[in-house]
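Given below, in the form of structure tokens, are the structures.
One chain, chain A, appears in both complexes that follow, with chain B as partner in the first and chain C in the second.
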Partner chain A sequence: MKYTFTMLIPSLVLIGLIMIVPSVLTIYYAFTSWNGFTKPTFIGLQNYREIFSDSLFWKVVWNNIKWTLFFLTVPMILAFIAASELNNVPQKAKGVFKTIFLIPYVLPSLAVARLWQIVFFHPLHGVITKVFNHDFLGSTSTTLWAIAMIDNWHWWGFLANVFSAAIDQIDKTYYEIARLEGANRWQVFKCVTFPMIFPTFIFMEIMTVVWSFLVFDYIFIITQGGPGRASEVLATLTYKTAFFYLRFGKGSAIATTMIMFASVPIATYLWLISRRGGRV
Partner chain B sequence: MRRRNAISWIVLITLAFFALLPVCLLFLNSFKTRGEIFSNPFQIPKHFSFSNYVNAWKYTDLGRGLLNSFMLASLSAVLTMLIGGLAAYALARRVRGSSYVITFLMFCNTLPLFIMLIPLFVWFQRLGLTNLVGVVIVTVGLSLPFSILLLRSFLVTIPKEIEEAALIDGANNWQIFWKIILPIARSGFLTVGLLNFVGGWNAFTIPLTFLAANPDQQTAIVKIYTLSGQYTAPWGRIFAAIVVVSLPMIVVFLIFQRYFVQGLIGGAFKF
Partner chain C sequence: MSVKRLVLVLFIMMAFLSTMLARELYLWMSWAEQERKEWALERYFPTFEQQTGIKVKAVEMPGDEQTLRTQLIAGKGPDVVGVAGPSFVPLYVDAGFLIPLDEYAKKYHWDELLTDLYWKLGHYKGKLWTIPQEFEAMVLFYNPRIFKENGWKPPRTIKEMEELAAKMKEKGIMPFANGNVGWKPAIEWVFTAAVNHIAGPEKVYEALTGKIPWTDPSFVESVEATKKWFQEGWLGGGKFFSLEIGEVYQLLVEGKAGMAIWGTWAFGGIVHHSTSPEDWDWVPFPSKEELPYPIFAIGVGSSAGINKNAKDPDAAAQYITFRLREPLDNLELFAEDLKVNGTTVFTPIKGFELNDETVNRLKELGVDERVIKFLVLSTEAFEKNTYGYVTWTFWPPESDRYIIDNLELVWLGEMSSEEFLKGLQEVFEKEFKEGRVMYVPPRS
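Up next, the complex of A and B:
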């Protein structure tokens, strides 16, 4: 069978039209004033001046940082606990647990969001609201953390599966030796499991930073950035600026800042993946 | 050792409970009235009534929504496999320029949706493509880099000699593809197809943005989103609709679990 470059053309054309051209256009529109209907007018750096001098923008960036910190720690710890305990149960049970942990991950984000929003966090009747006598989603100080918790419920099981797959690659004699030496579970984790899956861990941490600066669905579905602006993040701000307030130029400018924030981890990711010959 | 295992079981069962309880509550509450949901979501309904499901079907235009969801999911899965499969083959056989294309695809894979969303929407709106066709095109375009890289990682494992042997035996390209490569690479295609199917079915941002003004073409997810924005919404009915949308994904996942996990894990740390 003859393989030629022409086989790549349909894909490259589609990727070019859907991803590359619009990305370049966004960078251009960031320097314009545009309502999406008339012709964009070039206004130089004015959008950026407006964004950077607005305290709301920095508050929103801070929300993204808080979100990042949550996802760098909470789901990672849960997934580590799950993955290392999975090692101690029979193969069959391990498979069943891994399946159960992954079920929330395959549910649509809308389903997860609405379920938690109504059953657990309803402002009057939610189970968690009643237990703590506090409306977590409705109060400005806790809303972001409550949404992060909901997102985490669907996310940690995926991480647990990833870590468990990485642990499966570890040579079992390490565990035998640790057992013979009388290591406790913390020592086994610290001296065997963690060092051995460190590359996977670092990779997932880098991707977490990237994804955290792009987070959209859960926040948009649950609070749309509210109450007030308490749970606003860069993606919801971009979306609302463009599609609600029809300021496509300014929206584009905010979108480009997302890239700026995500570019450091993205560059690290690309560097790691190329250094390891496509395997992280 | 025994005590150690006991702790593992307790931890894992607790985590499984944490993962499953909300799913069970979703099913349970889809059979209750709004009042019953709010008074005690844990209570088992006295009589299992399907009226929520009937109402969801009648009043939320769920049938059309599900059909649209299915069209989006299956079309984007099939098109991605066809277009991306072709590219993945060329890359697996290292045609000229392959390494550049692979690096390019890895770069594209990290581009966030929001950097392209605004021009895409305006552009598609002008072309009159803010409909299901437009959503399929965008979805395929966005998923191609990841899908090609994942498919390639399956296809590189097929030795070239098998194809050459078939060629000598007088098979043509078409036969080689259908009778040799496809059966061997079936699990790779199935994995990519499944991930795209589930991704298309569950998709939120693109369908919401592109189909907002086009109720006839909205997917089930968009329809339910629009109906459930208020705390005063009919929650029994909405839960029923959510169950109807979620259940197929749980079933698909349980049946094809092996491929699913292999794709997710593969996508997470190897290309």
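Up next, the complex of A and C:
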């Protein structure tokens, strides 16, 4: 036991320094007025009163919800289809496909964002712009969905690999029995594949909600929350409030609301596990 | 010990000592093009080193202003601190990042060099903290070839400019090569041009000094004009929010755009895209008929302060002096600087006159006549009091940021001009009471 604890110390120190200390400081600064230059002044709940009474904050939360709904559905469906079909592909070819699916995921987000911004969504000569005759990134009604599509291109392949790995763990006997009983592909998926990988699926759904409320990179790189705040999310609002408006206290307060939103699915997941004896 | 060995030891000791005693200056630079970097490293800094014996260690700025602030908080950062503009000086001073420059001003006679405006812009709480640099103004760029082909003349009034924009749009030419992808604050260039050239510099002065509110009808008219320019599809051809700032020079020189609302910092950028004198030219930004012409809304790109933790503050002061005195002490170097970097390198100083002799000499040294034209006309604007005020120099920081973030809501129809200006007034009033509005040169 002592040995185990000793071996855990380096990780705990790292987690403490990188995660716990900044998190605690963020919570502290959320109750202060601080411009990042001079000393912070304690102001109690004033930052929160300001945030919750600001219609911009709720508009931004709604953007995060829309982003979350997109990522709970579109990449999941694409990943499931791909993973299910991979199950029917010979082993050698499976490796090749899995690698191809993973390529977008390993590219840096800056490279992916710029590629799509210049080649596909450029307002004057982008491929998608020309096909649909619409400036997706410059329009308030489509900018958030366009950025979500870019992030989806980056993300869904990884998800497909995760689901494929989960499907690979399913005992092949179940598929044989299903085939012998005359089940079609949809029935096999519904009665064998999906129930068997349900724990993996539910975990990825929970994490998708968490990650969706933390989204920052693609939006900041491509539109910085514009035009007209149409693609603004909590993370970009936090950043701009702190670094552009020099209101680090208020920015910290917005960041803590992100923690609150992200903890809801985590708490839900833990509750589900506890209800089902450690299994989902 | 033999004589040879003694000489060798002495030589090594002297080399070591000279390294220890060598004066060094640590700078952060932001070079938009490779050409500018090469010229600085091969010509500009060696000239300074030769003159002063101070070795320059210049590195590419490792981030943006946030990185600079983080470094300063940690007690590091460059010796010469480039503060984003005069309105940020109080923040840097109150945070204790900078040292007062009064003793260096006396030593290097900066008070005798700087014009009244620049001298006062660098002051805060009775002391000198920064030397404003990078003189710039809002103007209207245009493509002479397109104008010639269509029989158009560069506009002098807002009405003429709008008529031209409509004609350009009909012909499939982007009226204004403007976009804000890559630089969100590009929207405030349009606001700056509008308030100074529609409401007028007198009104802007009154608002900046708290005599009239930003909700004045003249500013409503100005903001409504910018909304019209966007909604008519003139700014960026209707793609203002998706057009990259890095592409706009190419659009103008290629003739895909007819005009552009830029500042004179663009001289340094557009020369690297242009292949012919017919590619671009500029005129003073048009004004409303009732206002004087030309007006130059002037500003300061950045201000130079000295880091509290600089190892050799005097070396930093010598560098600032070298930059200031460049046109006086080394016209050839100044001419090269203008050719590579544009007019942002110029700080108007006493004793440097743009008389015929200097102008001809600059032409002989190969400085673009379009650039010289700006130096001459803008200097005259100072003398004739026909100058205005750019937002990033004269507005306090939160008010400036408010304009950047909220003007687009007006253009998109999500906020009225009145609501926008009411919000600006609220933010501005708070900062005005806190003393965050820097020196606003009075109208004479």
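Observations on the structure shown:
Keep this in mind: the second predicted complex is superposed on the first by the 253 of 280 C-alpha atoms of A that agree within 3 Å, B and C clash if a C-alpha of one lies under 4 Å from a C-alpha of the other, contacts with A are read in each partner's own complex, and residues count from 1 in each chain.
As a convention for this text, contacts are C-beta pairs under 8 Å (C-beta built on N, C-alpha and C of every residue); 3 or more make two chains touch, one makes a residue touch a chain.
Values in this document were obtained by computation on a predicted structure and should not be read as measured data.
Partners chain B and chain C, once the complexes are superposed on chain A, run into each other and clash. Contacts of A:L45 after superposition: neither chain B nor chain C is touched. Touch criterion met: A:S11 reaches chain B, while chain C stays clear of it. In the overlay built on the shared chain, the residue A:P123 is in contact with chain B and with chain C. In the superposition on chain A, contact of A:G36 is made with both chain B and chain C.
Greater residue coverage of chain A by touch, when chain B is weighed against chain C, goes to B.
Within the superposed three-chain model, A:I177 lies out of touch with both chain B and chain C [touch as defined at top]. After overlaying the two complexes on the shared chain, residue contacts for A:L137 are found with chain C alone; chain B is out of touch.
When the two structures are aligned on the shared chain, A:F243 is found in touch with chain B and with chain C. Of the two partner chains placed by the overlay, only chain B lies in contact with A:N88; chain C stays clear of it. The contact surfaces that chain B and chain C form on chain A in the two complexes overlap at residues 36, 122-124, 243.
For chain A in complex with chain C, the touching residues are 35-38, 117, 121-124, 135, 137-138, 140, 223-224, 226-229, 240, 243-246.
Note for the complex: chain A touches chain B at residues 1-5, 7-8, 10-12, 14-15, 17-23, 25-26, 29, 36, 78, 81-82, 85-86, 88-89, 93, 97-104, 106-112, 114-116, 118-120, 122-125, 127, 153, 157-158, 160-162, 165-166, 185, 200, 203-204, 207, 210, 213-214, 216-217, 220-221, 234-235, 238-239, 242-243, 248, 251-252, 255-256, 258-259, 262, 266, 269-270, 273-274, 278-280.
Residues of chain C that touch chain A in their complex: 66, 69, 91-92, 94-95, 97, 180-181, 184, 236-243, 397-398, 401, 405, 408-409, 411-412, 414.
Of all residues in chain B, those touching chain A in their complex are 4-5, 7-9, 11-12, 15-16, 18-20, 22-23, 25-26, 29, 37-39, 41-42, 83-84, 86-87, 89-91, 93, 95-97, 101-103, 105-108, 110-123, 137-138, 140-142, 144-145, 148, 163, 167, 173, 176-177, 198, 201-202, 204-205, 209, 221, 224-225, 228, 231, 235, 238-239, 242, 245-246, 249-250, 252-254, 257, 260-261, 264-265, 268-271.
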